[in-house]
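Read from first to last, the chains carry the letters A, B, C and D; within each, the first residue is number 1.
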Amino acid sequence: MEKVGIVGYNQVKLYSDANYGRYEMIFEAVRGAIDKAGLKKKDITTVVSCTNDYYDGRTISNCFTVDVGGSYLTDESKVEMDGAHAVLYGLMRVLSGNHKLAVVWGGSMASCFPYHSARLYETDPTWERPLAYVNDITSAGFQMRAYMEKYGVSVDDIAKVSVKNRKNAAKNPLALEEAQNANITVKDILESEIYADPVTELMVAQPCDGIAALLLAPEKQALKITDNPVWITGVGYSQDTYYLGDRDLSTCKSMENAGKMAFKTAGIKNPKEEIDVAEFFEAYAHEELIFAEALGFADKGKGASIESEINGNLPINPSGGAIGGNPPCATGIIRIIEAAKQLTGEANGYQVKGVKKAIASGQIGMCAQNNILYVLEGSN
Amino acid sequence: MSKRTQRKSLDYVKKDYVKTRTMPGNWYLSSYTYKFNLTHMQPFLKKLKEKKLVGLKCPGCNRVFFPPRLVCGQCLIKPNQWVDLRETGEVASFTIAYLKDPGTGKVQEKPMVLIRQDGADTVYMVELNPEVDYKDTYIGMPVKVHWSEDLKGSLADIEYYDLVEDNARDLDLHKE
Amino acid sequence: MGRQVAIVSAGFTEHASKRSDVNMPELISEAIEDCLKKVPSISFEDIDAYVNGNMPAFEGANIPELWMTDWMGARNKPLMRVTTGGTTGGTVAIAGYYSVAAGLPGIDTVLAIGFEQQSQGNTATGLASVAYGEITVYNTLGITYERLTRILSAGAAIGVASYQATNYMHKSKITEEDLARVVVQNRRNAAKTWWAHLKMPDLTIEQVLDTPYISYPLRYGMVCPASDGACAVLFTTEEKAKNMCDIPVYVNGVSSIAHETAVLGYNCSGSGQIDPSEQLGAMKSAELAYGQAGISFPRKEIDYAEVYSPFPNQELMWVEKLGLFEETTAPQMYENGVTSLKGELPICCSGGVNSTNAIGASALERPAEAALQIMGKASNQVPKTVHTAIGHGWGGSLNLCTMMVMSDEPQRKWR
Amino acid sequence: MSEKIIVANKGPVRAEFAFWVGQYMDKFYDALENKELIGNKCPKCGDVFVPPRKICGKCNEKIAFDKNWVALPNTGTLQNYTITHYKVNDRSSRKVKKPQILGMVQIEGSNTAIIYRLLNIVPEELRIGMKFKIEWGEKTKGDPSDIKGFVKI
């Protein structure tokens, strides 16, 4: 795969109930990204948006965002998955050689829709949906139990992930205020209310309001726009089967496949050695460990042994990850932006030292059914 | 919409399929909210109360938006110049809706129009004076704002649009 | 950068107003089966990635691809979902093209699937929900819901199309008979297409004009049905395509242009499309796609066109806007039989969207059918040899437009 | 311009849907109505699916409708469980006082697990690998609610 450069990005601050209109927020994100890159509207050749009809409460959710999203008389499309998948489509459009500058934006306002109901609409309507026993809440419980039971992982290890991410989020000014907590302890996490046993409320990435935008350009074009682009050198994505009863929830097959494809594309032989920082879309604390294991950073069941603090061996989610704020459809883009920030040295306050290669992931579906992984490299 | 209109479809070659049972599902839009920023609308609404029309002009492309618009898509900037507009406009497009009166069951024809205010570069949906016969509606028909008696500083201050008597009307051979 | 992409196969399901015998995944598995049947050398193992789409509000299921994984054979495979309303199918086709063109390692053969099972939901509510959010702004700004219902009673897609129809009729000075003629041609063509929905072999113009108005100038007999159905198209690289079928169809140009919405603007702001039949977006998308494909004289170079026209006035309008005919001359071409099956430039010989509209699949069926015409495998095959064809899609509030230009020869000099 | 004016408007309507279940599920629900459990078997790998499917995702093999049906017992093994106070439906989600215990139970003779409530059991008793049996609803209607839940054997 040829390199594609990230030449600009912008994310609005995450709020649980933002004092923003939807269009205003989209405009702020997109305009901000274009301004950051020092470009104009006419430089945009393609726009890929990421919204979801059931999150926005309207069919054709990209219909009215043409003006504010920068796609006026521009080659436009919409991906209805996670934001990271929209970046994939933007990447494909750039790689095809048809486009010089792709704007990818995505996000939604979780304060405006019944999140769990919208997730319930994902389930099999002929079998599971009428009774709603399978939903995003219960599936999280099943996943964590399967992981703990199979490998004998202690609940403390999982709570530690949430502690780390919430402490990291406190250093990230754009993270969700409710998730920022510099003084949180494992005890606080375990004593918070039960979400779906064994998952507790504070292990969950809380849905919130937010939009993020990203600019992609082919190699030569990227170097014209900025001296310091971040390169996407590898991508992999994969989808697991649907029924929870068919899957081994203690691991993540789709992340494994995505990792294989991404590392192969980027020419990474030994991810454990080569990757300096990881930004995962962990919808729940245990998913961070499952993902790290699926990618081979630790043996199965030993994910908690990774030194994932900011100054650790392999820092994971120095920005606070999805636990630091999870705006549906934007989280994946934000992960890529945060990984890019680490590579350019812009992660003020939570910068990891000496980052050369980073990974970022996005996911969708119950128990992370579909995963996508990016490998990013800095320009120096 | 469809329940109130008369239906008649054409026959076609049909094939029947095995009928299986269904499972119910709902999409409660009433559990959703829609957030909008209407700050840019306020000066416009204030002027309406004074029986004045203003549009928002984009400094990039000089298009005038009536009603005002948050962002100009062409330039991707927020327009910020207010311009005064006249009360007249013209029918840019129209269609006729056929609605069954729920009480009598009689079909009523109603013209639906898009009006472009003179001096503006956008069209918007409004009502015509109910006395205008649907057969008289045509593209390019000149119209004028009919103000509501009770001005509240809302869009309803423009109650409907009156037809402006136009001598050239009968010369338009191609009116629909 | 980039590489040549080819279509090697396309499959359909039977379309009907109620496919009550299957659920959504079973429906698409029928289309996939039909698609793979035409390329015997290909099995599920050879498909590297999937692109999917439908218009979810019509079925009430969010991201149904997750559930359908096994039925598509997509277990442990890359999958991407794209949806853009009416153009969903076109978008899916274009995403299928880009998936191959991008040249991501290991992704050579991509199956693009579009589907819709509209009988499961209420199409009118589904369509209207596009604007509910915007309508509430009108209410906030002082217009009562009662009055809003009156203003909007022309309703949703049919509403925007009828505005467009009046404008088009005004410009080209045609009568309703011209509109009915398009319908008759389409429905008679549909009768010869195995998967089409409204098959009316003996339809006449009088019969169409005998139906009541739905909203002027469109009558019940003129508008598209709401169908259940699915379509699958197989994209692959130039090298692989040669081994898969006799006549691979090369995709030489794609575009999907968005324009601002017609009739109802965002945030209660009115629309910049003063004349909804002007369609700058369609013109720009044609320009872009023809540019990529190296087509300078569309009228001469294109042998077959599938345009997305739920309403007859749109078919006339699109063929003009896409450069196939001069402005306002399309109605005459239909009258003279230029666009008929045996004509010089046949249009929508599958019956078009006017006869079969499973929304998420419709715009994918256009390039699919155009590709089959080039391969010579179409159900209602045109007698002349088709070298270059286009598949077009339209959606949103008259603001989204997709184009795909296909040919039996790869575009050698492309960029 | 002065202060920001944000309005949050409620949506007006709801859309109703009726999902066709397809012939495979229809047959399955017919059996449920008679308090029987059936599944179908992949002719290639021999995996048995409850509820039945048209295609085996593992071998991408089409399972013919007219054969491959398997009658299954109403007992199974607990594979996984969770406890939650949340109740979700199409309209909203809310917290209820009494938590629901949901179990993933693999029906004997099948290769997938189905998710239902576990009845008459306290969380402390739960162990993965426990045997459960189906508690049928009093009045069956031919839909998923015919299975009321699972009870410990």
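The definition used in the following text is that contacts are C-beta pairs under 8 Å (C-beta built on N, C-alpha and C of every residue); 3 or more make two chains touch, one makes a residue touch a chain.
Predicted model, so just to flag it, every value in this text is computed and none were measured.
K.L.:
Between subunit A and subunit B, which partner chains are common?
P.N.:
Where subunit A and subunit B share a partner, that partner set is C, D.
K.L.:
Distance-wise, how many Å sit between the C-alpha centres of subunit B and subunit D, to the nearest whole number?
P.N.:
Centre separation, subunit B to subunit D: 48 Å.
K.L.:
Centroid from C-alpha atoms only, then distance subunit C to subunit D, rounded to Å. What do you get?
P.N.:
It comes to 37 Å between the two C-alpha centres.
K.L.:
Using mean CA coordinates as chain centres, what's the subunit A-subunit C distance in Å?
P.N.:
Measuring from centre to centre gives 33 Å for this pair.
K.L.:
How far is the middle of subunit B from the middle of subunit C, if each middle is the mean of its Cα atoms, in Å?
P.N.:
Whole-Å distance between the two chain centres: 28.
K.L.:
Counting only residues that touch at least 2 other chains, which ones in subunit D make the list?
P.N.:
4, 6-13, 15-23, 25, 57, 90-92, 143-144
K.L.:
If you look at subunit C, which of its residues touch at least two other chains?
P.N.:
Within subunit C, residues 19-23, 57, 60-61, 69-70, 75, 120, 126, 129, 132-133, 136-137, 140, 260, 265-267 contact more than one other chain.
K.L.:
Where does subunit B touch two or more other chains at once, residue-wise?
P.N.:
Answer for subunit B, listing residues that touch two or more other chains: 18, 20, 22-29, 31-38, 41, 69-70, 73.
K.L.:
Please classify the inter-chain touch graph. Allowed labels: line, ring, star, complete, other.
P.N.:
The chain contacts form a complete graph, every chain touching every other.
K.L.:
In their shared complex, at which residues does subunit A touch subunit C?
P.N.:
1-2, 21-23, 47, 52-54, 56-60, 62-68, 71-81, 85, 88-89, 91-93, 95-98, 118-119, 121-126, 218, 235-242, 253-254, 257, 261, 264-265, 364-366, 369-370
K.L.:
Show me the residue ranges of subunit D that touch subunit C in the complex, using the header's touch definition.
P.N.:
Touching subunit C: residues 7, 9-13, 15-25, 53-58, 60, 62 of subunit D.
K.L.:
Once bound in the complex, which stretches of subunit A touch subunit B?
P.N.:
Checking each residue of subunit A against subunit B gives 18, 20-24, 27, 30-31, 34, 41, 54, 57, 66-68, 70-73, 109, 111-114, 117, 121, 125-127, 129-130.
K.L.:
Going by the contact rule set out above, which residues of subunit C touch subunit A in the complex?
P.N.:
Listed in rising order, the residues of subunit C that touch subunit A are 1-2, 23, 50, 53, 55-58, 60-63, 65-70, 74-86, 91, 94-95, 97-99, 101-106, 126-127, 129-134, 254-261, 265-267, 280-281, 284, 288, 292, 395-397, 399-400, 415.
K.L.:
In the complex formed with subunit B, which residues of subunit D make contact?
P.N.:
These residues of subunit D touch subunit B: 1-23, 25-26, 29, 90-92, 142-144.
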